[in-house]
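Since the structure comes first, as structure tokens, the remarks are kept for the end.
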Amino acid sequence: MSKGIGKHQIGDSFEGFVLIKEANRGVTSTGKPFLTLILRDATGEIEAKLWDVTKEDEEAFIAEQIIRMTGEINQFRGKAQMKITSIRPSQPTDGVHVSEFIEKAPIEREVLMEKLTEAIFEMKNATLQRIVRAFIKKYQEALLTYPAASKNHHEYVSGLAHHIVSMLALARELHILYPQVNKDLLYAGIILHDLGKLKELSGVVSTSYTMEGKLLGHIPMMVEEIGQMAKELSIEGEEVLILQHMVLSHHGKAEWGSPTPPLVREAELLHLIDLIDAKMNMLNRALENTNPGEFTQRLFAMDNRAFYKPTFDDDL
Amino acid sequence: MSKGIGKHQIGDSFEGFVLIKEANRGVTSTGKPFLTLILRDATGEIEAKLWDVTKEDEEAFIAEQIIRMTGEINQFRGKAQMKITSIRPSQPTDGVHVSEFIEKAPIEREVLMEKLTEAIFEMKNATLQRIVRAFIKKYQEALLTYPAASKNHHEYVSGLAHHIVSMLALARELHILYPQVNKDLLYAGIILHDLGKLKELSGVVSTSYTMEGKLLGHIPMMVEEIGQMAKELSIEGEEVLILQHMVLSHHGKAEWGSPTPPLVREAELLHLIDLIDAKMNMLNRALENTNPGEFTQRLFAMDNRAFYKPTFDDDL
Amino acid sequence: MSKGIGKHQIGDSFEGFVLIKEANRGVTSTGKPFLTLILRDATGEIEAKLWDVTKEDEEAFIAEQIIRMTGEINQFRGKAQMKITSIRPSQPTDGVHVSEFIEKAPIEREVLMEKLTEAIFEMKNATLQRIVRAFIKKYQEALLTYPAASKNHHEYVSGLAHHIVSMLALARELHILYPQVNKDLLYAGIILHDLGKLKELSGVVSTSYTMEGKLLGHIPMMVEEIGQMAKELSIEGEEVLILQHMVLSHHGKAEWGSPTPPLVREAELLHLIDLIDAKMNMLNRALENTNPGEFTQRLFAMDNRAFYKPTFDDDL
Amino acid sequence: MSKGIGKHQIGDSFEGFVLIKEANRGVTSTGKPFLTLILRDATGEIEAKLWDVTKEDEEAFIAEQIIRMTGEINQFRGKAQMKITSIRPSQPTDGVHVSEFIEKAPIEREVLMEKLTEAIFEMKNATLQRIVRAFIKKYQEALLTYPAASKNHHEYVSGLAHHIVSMLALARELHILYPQVNKDLLYAGIILHDLGKLKELSGVVSTSYTMEGKLLGHIPMMVEEIGQMAKELSIEGEEVLILQHMVLSHHGKAEWGSPTPPLVREAELLHLIDLIDAKMNMLNRALENTNPGEFTQRLFAMDNRAFYKPTFDDDL
Amino acid sequence: MSKGIGKHQIGDSFEGFVLIKEANRGVTSTGKPFLTLILRDATGEIEAKLWDVTKEDEEAFIAEQIIRMTGEINQFRGKAQMKITSIRPSQPTDGVHVSEFIEKAPIEREVLMEKLTEAIFEMKNATLQRIVRAFIKKYQEALLTYPAASKNHHEYVSGLAHHIVSMLALARELHILYPQVNKDLLYAGIILHDLGKLKELSGVVSTSYTMEGKLLGHIPMMVEEIGQMAKELSIEGEEVLILQHMVLSHHGKAEWGSPTPPLVREAELLHLIDLIDAKMNMLNRALENTNPGEFTQRLFAMDNRAFYKPTFDDDL
Amino acid sequence: MSKGIGKHQIGDSFEGFVLIKEANRGVTSTGKPFLTLILRDATGEIEAKLWDVTKEDEEAFIAEQIIRMTGEINQFRGKAQMKITSIRPSQPTDGVHVSEFIEKAPIEREVLMEKLTEAIFEMKNATLQRIVRAFIKKYQEALLTYPAASKNHHEYVSGLAHHIVSMLALARELHILYPQVNKDLLYAGIILHDLGKLKELSGVVSTSYTMEGKLLGHIPMMVEEIGQMAKELSIEGEEVLILQHMVLSHHGKAEWGSPTPPLVREAELLHLIDLIDAKMNMLNRALENTNPGEFTQRLFAMDNRAFYKPTFDDDL
């Protein structure tokens, strides 16, 4: 069996099981039907073409189907493309499961949950702690499964929890460097800031936006939900308003989706920590696949920049 | 007694009762205390200087106090300024009340309420009607009293109700011209779109922003409140989501405070009707005080434009 | 015979007469010539491929030719595409005319002309009326035939007249709601504002920009023409200048093609009415082809938004 | 008699005749009237204060009045300000005329006219030449008198002609360097491009915008006038359209007032030459009053930059 | 003796020694000279007026002079202003020194130097370490004295070193959280990134821009100096180029002064760390002077936002 | 043999020698390999397809190989494309050299060098002259060979020298029109402003960006190099700083790559001259290939405008 899809190089041949993420029917210039498939495994994804398909093929090779295939990796318009040479649907006897073909956070979900719990345990402000606990309880399963975004950063299983835990670690250190910072407030903001995504995104496998997500967006949905939770818990006091403000303002600017900019120190810091962790996630993953002395592909969410990996990076 | 403050001209003398809207103490370059007052009556407002004030004066002439005064209207840096020549606080025997000194909508509150009720009565969609009725019931008194904004447009008593009623009339006609429009949805959106201002603004007399208003803003507050109201009324269904979307998107663009732009036909129309009514309110009031053949003052909320009043305006 | 082109669905077969709007020759990767045709009828348009064409085909199947054809509707890169299976030019005995294949305004041109005449008849300002009458007389035929734009909104036969008549109806109601508005001026502005398009656009069938249109644009051309018309009619007075200003400023901002922004109340209103009617035309037509519970295609001229059609739209 | 106003330094005393450009009445904090005057002579202008004025003073010291005065130049908020110590209106016997107090182009109007005539004489395209000649004839007197702008560049008597003549010299050289350029077209564009300012600006002494200038602007007015002139001269042909395009596009971008950008080589060049000559005029005049090793004042129309004058400027 | 200037409240009287930071002569409306002084001590600064000054006063009370004074703190246009009631220059016998009146970093310079040395000692890449050591050696004295900016953040004695040391602490933690980061490179970038300010700014007491600073700016100056230093040390290799890139790109965007954006992971991180530390410095200092439940003044360098200090800030 | 590639028209057949500029392998939808070649000669370039290639073809037809071929020019997606019908690598006996297939400046390099020398000879300021001479000496060969940019303007052999010489001619005339301009400074700025491109660009044949070019850019590299050169020549004085400023600011704005805008008259002029010469180069070359009465292709670097070539262009 070949190495994973994400490790391919142009010219390699490929053999193994992969998951069909998307399947679209096309017709060649000479009128013959073919399928354009997006194939993926835990290491990455690739576009593939299946030529001269029959009606049966069209029905067999659909999204979320696992297949066994052989093929060759070519270059098409500057991007890698798999040319499929043989293909069949996986069978129960193959013993493969969807979960094997999906990228996961580099940290186990149990560890992520543990670190979340630790942070909540550190909190001293009872009001903030109660609200946070209530949310964790309500959404625990989804929170440990969902990606942090449909693309760009932390777009893998447990991505959201990974993002939160990484931000909490950063917050802990920033609180030491700037002791004026209200750590409880910052922790609460970090844990809640993106929970609205659990309603905005459709799920883990082929992540898209829900109708609610499109018409409201995760930020106003979460602001509302904090208000409701406070009602349910009969919590009053400034903490609720400030938490809503932190969620509302965490994109930093109206143009970026926060109708109110951060107006509380911890809200500003939440925005900055979110930025750093998202960017480091994107950069680290792009540079991991880049050789020293070379540039990464252009990264759309980093202003379309291509980053250079210095040659002296490892020779300290 | 003189004509109202808003009808003054440079050089006029003035005698009568006015309300102090703001009072600030200053010290002249030679070290003598004075008061800068903003005076207002139902016709407009003006800055005034009271020179050589005593401790007693400072305590007597404060915001929301009615005074009897004489003065002279001068020009200072291109703007009118009242020079106070005599002044005394009003007394019970004067028989004047604060309400006489505040601008009001040109339509009586009873009539505004009637027109609101009529519009609700026209609605056929029971869900939308129930939500709207519940909000009107909850906020009736404030809704009939509040301005629509702290400045720029409909910034007078009952301004919000006036704005809503004016928009409803426009909506009724647009529905006739474009019968595809869902009138009930548009009506509901119009009535609810700015109710968040009842929490965002401090009140009628010296309107400012509440802390909640500054940290969240009227749009996210109202989106949340629609959700809560639906819960209380046990209403489910797409109407709730679409109403939240209409409120959320009614500023039209992220830069203008709507993190999601209008994505429903009636939401787009709500945004446009809001724009027209606000602009016509500003323009009509500015042109009312302008002679044919002249330009208005620069209108800040109209991109700082000065508008021309044609000479043939009335000679049809 | 099949239903119209605009009513197709992927997988349908098609048989009937259509008009060739554009024809371009291509060569396949194996060196064989083919034609890419844009076909249209009164209901819509579609791209089509005609493979393995002969020299004779290339000469026969050209723009503005009506053809009889059979084909099948496939999907290509997410868009519908017709695969032609048989094709022949129409013959006189087919009894079909170009006019049958072009979209028309939903209102008859006689009705549009009547409504225009009515509006002019309502005008009391003799000067404005004379200018407007003179333009209607000069351009009557073109005005009743031209689209309002080459794409985006009212891009069909009589589209310009439809747009004007629709705006006039809106103006009539706005004048009732805001009686300060000078109705005659607003009517005159509406009728004249886009007449420059009669020189800017090439015509009705395959609308493109004239050289004059590209180098000057319809706004400066119309400003000039109002000046000339006034000279010819020996009309003097502020009305001429204000009408020129209304045309000049009706795009609202320099970035949108109006070097001077609206500085007269009716000019501002003209801009807003133009906006509303253009947007409602785009939205209504896009939503007409969308099922409740779904989103329209992205609408380029509406900031590339896809609009949602609520499911409760019709169940009032 | 002192040196001119523009040559003053803080602390200087001043004695002589000056022209009142603007006069505004104010009232001191202690209620006493005073006048704020803008005084000018051919070398520059300065703000002045006249304290404790009588009714007679207010009537005597008005805009466009010449006065004889003594005073002292102080600094007020970082700017020079004249404190008037004595003042009287000029009398016929003083033998002074308004024209002595207004800045003039550094080149005599006869010479400017000569150079204009020369350029027209160089033109070979009869059509362009006829149009240009007709305009020069129509506007000769105003053209030789008007400034090129109300402020910023060439804002002095004959400023427009000076600007045109300077641009023509630049055009002559550019045509030699880039012989593909159509010199006649470029010359015609240069001579006509700003003639609309003769209608946009009120005149020479206290230059302001006319109503026509505010509502239309010099660019659309001149586009119209070229069309009319061509009609009067019965000239047809592409030259007219291209000339209108050159005027229309000479500000370069929609945001800067040209609804169509330059789409003809000579139109682009016209825009660039206009830019260079305006900027060099501003820079040269600002640096003339600056010592080597120092920075100029901030120049508003140069993006608010302060320019440095090198110390080695003269020691070549 | 009173508490420091930065601790004043409106209405307080003040007595003690202060430093004149700036002195400007003015003339009152009645022609009398006065001085506007900016006074400062280690706790803050305030504007002051000295009325009816003599020639001697003007010569005595100049920038960088220490004075002994009494006065009263009034409000003027919403800002505090000192009214001086008595004043005299300090005398040798007063035993006061300029250094007492200037704000200093909250950490001693010896400690700052120690922490800098530690960080350099941690570095393993010999090339980067040699360059950094050379710069520290060259600029040690200035580096430990200069502010990090002329205003906004770390604008106090040792501000630059304080900023660097604070960023290094942040970098150390980020390297632990994201171990892919090249710590040596990040440390080197942090230490060098703003050293160009030692040439861009004039010094510590009345910090302004040098001519070189205005015409080149600290970024290009430092890029050049790294190149020169490498030459002097005969260092070659990618480290030099990457260090220059880090300095060049550390403002993040062309609009903010970095002609090349960060294209190396550590350069992006340097930009983000710089942002966080500057913002936290501004926020912490503004909130230190704000009561819980209130907003700070508007902070110009934080997009003019006023920040709220929650009331539960301290009650964990 | 056919006319050059740049003179082709759709439908022409072609026979002759061309240079392969780029070669990329692709696979057709039916799995067959093909090559996409960019072919060029001194008159222009064209994309070509070579179908059904063998392993040998792939090795033979690579970048920088000269080939002899026949083909036919078709249209593909609105652009010309060569269909190759026969092809072979050139042989020594063909007597063709790479230099024949590369576009060159329209002026010989000897003439360019002469004109450069002349300009330097005109300079009177010894300091500026010494620096300029030293750079010319250091870079003479590259300077006479390199293009001025990798695309858009002067992108041909000796393009940089051609650009400089053209700008010098313009500067000479501007100095006559505006004698206040320091000609020596302007000359020095022109000659040095783009020399950094000799390090930023990879060379002449297939021009790309060097790593140094990507990470620093030609502007900061050249600022640094001027500093080093001055050190080497032991030159001190303001000339060095001002020259660095001229190079640094010559793109005019931060957004365009100049962190400091021009703050010296000659720097502003350098920016404007650079703009004019680059634009005229693009326009003249685009219009050369356009017939009167037609528009050029859209020019990306001219804001994507298509320019019109008047019909009366040559009939003066």
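A, B, C, D, E and F are the chain letters, set down in written order, and residue numbers restart from 1 in every chain.
Please note the rule applied: a residue touches a chain if its C-beta (ideal position, glycine included) is under 8 Å from a C-beta of that chain, and two chains touch if they have at least 3 such contacts.
Owing to the predicted nature of the structure, the values given are computational and were not obtained by experimental measurement.
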Self-check item: Minimum number of chain-to-chain touching steps separating chain B from chain D
Solution: 1
Quiz prompt | Common touching chains of chain D and chain C | solution = B, F
Practice problem: Starting at chain D, figure out the least number of steps needed to reach chain F through touching chains. | Solution: 1
Exercise. Find the chain most remote from chain E, comparing centres computed as mean CA coordinates.
Key: C
Quiz prompt | Interface residue identity across copies chain C, chain F - same or different by half | solution = different
Practice problem: Report which of A-E and E-F is connected by more C-beta pairs in contact. | Solution: A-E
Practice problem: Mind checking the centre-to-centre distance between chain A and chain C? Centres are C-alpha means, answer in whole Å. | Solution: 44
Quiz item: How many Å are there between the centre of chain A and the centre of chain D, using C-alpha atoms for each centre?
Solution: 61
Exercise. Enumerate the residues of chain B that touch no fewer than two other chains.
Key: 29, 211, 214-215, 242, 263-264, 295, 308
Quiz item: Okay, what are all the chain pairs that touch?
Solution: A-B, A-C, A-E, A-F, B-C, B-D, B-E, C-D, C-F, D-E, D-F, E-F
Exercise. Could you pull out which chain D residues touch chain F in their complex?
Key: 124-125, 127, 166, 169-170, 173-174, 177-178, 180, 182, 184-185, 237-239, 242, 261-265, 268-269, 272, 275-276, 279-280, 283-284, 287-288, 295, 302-303, 305-313, 315-316
Self-check item: Residue ranges of chain C touching chain F (in the complex, touch as defined)
Solution: 24-27, 29-31, 211, 214-215
Practice problem: Using the touch rule from the top, collect the residues of chain D that touch chain E in their complex. | Solution: 28-29, 34, 49, 51, 74-77, 81, 83, 295, 308
Quiz item: Across the complex, what residues on chain A touch chain B?
Solution: 211-212, 214-217, 219-220, 223-224, 227-228, 231, 241-242, 244-245, 248, 254-260, 263-264
